[in-house]
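Chain nomenclature is as follows: A, B, C and D, assigned in order of appearance, with residue numbering initiated at 1 for each chain independently.
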Amino acid sequence: MFLDALSTLLFVLATVFFCAGTIGLLRLPDTLCRIHALTKADNLGLGFAALALIIQAESLAAAGQIILIWLLALVASATAGYRVARRCVPVDPPP
Amino acid sequence: MTEVFLLPLAVLLPLLMACCVHVSADRFARPLQWVGALGMATLVLALVAHDAPMRTVLGGWEAPLGIELVADRLAKTLLVFTLLVYAAVLLYAEGYFAQSPIEARRFRPLAWLLWAACNAAFLSDDLFNLYVTLELAGLTAVGLAALSGHPKALAAALRYLLAALLAANLFLLGLALLYGSTGVLSLRMLAAAVEPGTASLLAFVLLVTALALKTALLPLHTWLPPAHGGAVTPVSALLSALVIKVSFVILLKLWLHFAPVLDLVVLGQGLAVMGALAVVWGSLLALRQQRLKMLVAYSTVAQVGYLFLPFAWLRPGTPAAAVAFDASVLQILGHGFAKAAMFLAAGVLLRAAGRDGLEGLQGAASRQPLAVFALALAGISLIGLPPSLGFSAKWSMLQAALLAGQWPWVLLLLTGSLLTAAYVFRAIRYAFLPAPDVSELRPVPALMSYSALLLAVLAAFGGLGTATLAAWLEIEIAGWPEALP
Amino acid sequence: MSAIAMDAATLWWVLGTALTFLGLGVMLAAPALLRKLLAFNVMGSGVFLVLLALRPRGPDGVADPIAQALVLTGIVIAIASTALGLMLARRYHLATGRDSLPEDAPEGTDD
Amino acid sequence: MNAVDALLALVLLALAVACLWAKTARTGSLLFITFGLLLALAWVRLGAIDVALAEAAIGAGIAGALLLDAARQFEHSPAGQNSARAPSPWPPSLLMLFLAAVLLYALSTIQPLAGDATLAVSAALESSEIAHPVTAVLLVFRAYDTLLEIAVLLVAVLAAQAAPSAIRASPKYDPALAAVVGWMVPIAVLVAVYLLWAGSSRTGGAFQAAAVLAGAILLARFSGQWPDADRLWQHAGVRVFGLVTFIVVGLSGAFTAGAVLGYPAGWTGGLVLGIEAALMLSIAASLLALFGWKER
């Protein structure tokens, strides 16, 4: 019962962050700013959602899989954000 | 043991051949093709030698769970028909692509995939599997139509693709309705399970619309002339002889299975009327063409019209039904051989003249007599003069119309023949005009003319075998609708 | 819609019908090739929804496995068709600079 | 009717409209990806988990990538062609409304027979030796459909005359990308193998695995690492390998199981996994050929 409530709370938090990320993606002025919305807010949202699911997980292995998925998503979004940013900034960073 | 093998091999062998010729280098691919073609010939002969109807349960799982292949005499006839067309076209392609190895490399695997698709459609007894084969044939045909990479060919291929995609979705929607209400996909079981009603009738109309679009029945024909007329010649022959027949044969199969259950009289009359309009309109358009291959392509629109006339008489329990069935099969064969021959001959003449205009044909009769002869023989079958297959087809339609007491169709058949004669003679007349300039002549491998002639002879003299064919097919339709073909 | 007592399956085949004809209409009316291909995919999704939603579910709430397999095959064929269409459209665009097919010429005229 | 379902259906409808009437090809493609992802949710609600995963991977993922790739080219079209012009909605829409009404009426008359197909599958599942019903249908009961479907995919690659794009080494060596790719690619390959293996007992399968594999190869290609391995993927043999394996195993069934496309008792699981592994390689190679398109 307590765990269910906790899950729900975490899901609500996740939703808040996802909404913030989506609004940021739509409303922020340029690509570099939008990357913030995608990489920061959305990943936090995903993290909360993952936590909520881990609480409900049937086994340790299932929980482990969820953590793995979250980590992979983190790395992927960090790399993608980095690549997008590199496309936006034409000049090389100072050595 | 062989029975387990034969039917699936008719599909799997050409698929395997497609993979092999795609992977192997040119100098291996050519001999390999002939080994494959010989294998196919042996296979088809073995199938025909098996007199009894054959049914193969794939994977050992019977319908409704699995898929079954059925080779009745209709399917066997079509397998032989496909084999003959392919023999001529593959021979022809050897000469046609001799100077363009890149196109040859693109052509070979797609041609074999198309062979597999044709055989698969003729043998399949499963509605969803028929959808997959229809897609296989359609996408292969699109790829073949785009083979040259010329912008006009690309535009024609895109138009063709969009028509095929539309047809695919309509077919699936009809399938969804039938599967949703019955839970089975095998044609045999569907025919037993389907109940007359709005849903099943709408499903059938959707299937028929999809197939009519893929067969290019007027007014759904606009994609056909650019695709067939604009493709490289061996492809034009395959598309017009085989690909539109795939969708038509599926329609014929569905009709034979569903006509006893659903009330299809009005639909049959409607299809026949559209067919009649196609005969007239297609012929008139063919008359207006200035380029030989476009003339031949528009002639297909008219000849497709003939294919749909028998639906007016294919009613269960009427004496006309058996004759109408024979007429359909004869028209499939007659148009297939004649149109392929015509395209192949046209390709020879165009290559010799170096251009596609009708006036380029001038003097062809003396320079390329074999090709002009093939063109004329094929024309005889299209017009419907004896002893051609085209004559037998039209004669059977005439008989069916009279048996059904619908004599106005006789007028249409006569008009159609006259119009066909007009556009065929128009093309041939150019060939007999004196040549303006001899220096323009280009050499064409004789092999190409001979393969065109092979098909033309089949079309022009095939009518002599009508009685044999009708007798051979009789057990398929005699018991209809109680005993399904 | 909610006024009518509607079971879950009905909702999905109603949506499937709507998507089917939405896609069909755009496929017929839109000139741009890319949009036509998008419309084909939307129409296909609608048809798949109808196909699956019409079949009763198994006791454990799992959809008819045969219908699922048919839809899966259909999705793969749709993606193959879309990919082919896109490649042809891109080659056509490279060759001519056009992103739509020319309007239909009057019939019977030579191209 | 569930309120969540109704909301999902409405959002899907709105997305479809927005996607089809989008101003640019790029927006349309992006909206189509969103549509595909939400449609996957609808499949979950319909109890079709396998379709949901395929829809997300293929309908949204691969189709989305192909569409975006193409949209980029069309947006750089030299002259202002008519792509921006949205279709005029009125004349055909009345016809469409009428047809939709006819279909809805017909659908409402359908009284589906009881779940006989479901029962038939579950009854035969034991003897099929495959635990997951959808995989059993795809690779045992209706394996022939799947075989022809793979042929369709081969046709698309051949017909598009697609050659895999040339190996594009990064113009400037990017240490961050190289480092990430160095360990991301093996993980992605691992995920692909997992998806393949999972297919026999639960949702998963060759196509989903191939999508992941193709993504990994693309990632490696962008980073310019393993050029030799990349060249291997462009060999025509890889593209037909799956189909040939499928046909050869299928034909051998005539000797070992008495039916073409049958499997000898006790061997089904292993043979299906082998076929799927071969298919995964070929599908991945085909996807790569279609994605990194350039004229041959």
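One rule holds for everything that comes next: a residue touches a chain if its C-beta (ideal position, glycine included) is under 8 Å from a C-beta of that chain, and two chains touch if they have at least 3 such contacts.
All of these numbers come straight from a predicted model, not from anything done at the bench.
Peer 1: Counting C-beta pairs in contact, does A-D beat B-C or the other way around?
Peer 2: B-C is joined by more C-beta pairs in contact.
Peer 1: Just curious, how far off is chain D from chain A if you go by their C-alpha centres, in Å?
Peer 2: Those two chain centres are 25 Å apart.
Peer 1: On a C-alpha centroid basis, what's the spacing between chain A and chain B, in Å?
Peer 2: Roughly 56 Å separates the two chain centres.
Peer 1: From the C-alpha centre of chain A to that of chain C, how far is it in Å?
Peer 2: The computed centroid separation for chain A versus chain C comes out at 32 Å.
Peer 1: Which integer distance in Å separates the CA centroid of chain B from that of chain C?
Peer 2: So the centroids are 27 Å from each other.
Peer 1: For chain D, jot down the residues that touch at least 2 other chains.
Peer 2: In chain D, the residues touching two or more other chains are 103, 107, 110, 112-113, 117, 121, 141-142, 145, 149, 152, 155-156, 159-161.
Peer 1: For chain C, which residues are shared contacts with two or more other chains?
Peer 2: Counting only residues that touch two or more other chains, chain C contributes 20, 23-24, 28, 48, 50, 54-55, 64, 66-67, 70, 73, 77, 80-81, 84, 88-89, 91.
Peer 1: Could you list which residues of chain B touch at least two other chains?
Peer 2: 65, 128, 132, 135, 139, 142-143, 146, 149, 173, 177, 180-181, 183
Peer 1: What is the complete set of touching chain pairs?
Peer 2: Pairs satisfying the touch definition: A-D, B-C, B-D, C-D.
Peer 1: Over in the complex, which chain B residues touch chain D? Could you list them?
Peer 2: 1, 4-5, 8-9, 11-12, 15-16, 18-19, 22-23, 56-61, 64-67, 106, 109-110, 113, 116, 120, 128-129, 132-133, 135-136, 139-140, 142-144, 146, 149, 173, 177, 180-184, 197-199, 202-203
Peer 1: Where on chain C is chain D touching in the complex?
Peer 2: Of all residues in chain C, those touching chain D are 1-2, 5-15, 17-26, 28-32, 34-35, 37-39, 41-42, 45, 48-50, 52-59, 61-73, 75-84, 86-91, 93-94, 97-100.
Peer 1: How about chain D: which of its residues touch chain C in the complex?
Peer 2: So the residues of chain D in touch with chain C come to 1-2, 5-6, 9, 12-13, 16-17, 19-21, 25, 28-29, 32, 35-36, 39, 42-43, 45-51, 54-55, 58-59, 62-63, 66-67, 69-71, 73-74, 77-79, 81-83, 85-89, 91-93, 95-97, 99-100, 103-104, 107, 110, 112-115, 117-119, 121-122, 133-134, 136-138, 141-142, 145-146, 149, 152-153, 155-156, 159-162, 207, 290, 293, 295.
Peer 1: List the residues on chain D that touch chain B in their complex, please.
Peer 2: Touch list, chain D to chain B: 102-103, 105-107, 109-113, 116-117, 120-121, 124, 140-145, 147-149, 151-152, 154-156, 158-161, 236-237, 239-240, 243-244, 247, 250-251, 253-254, 257-263.
Peer 1: Please name which positions on chain D make contact with chain A in the complex.
Peer 2: The contact residues of chain D facing chain A are 172, 174, 176-177, 180, 184, 187.
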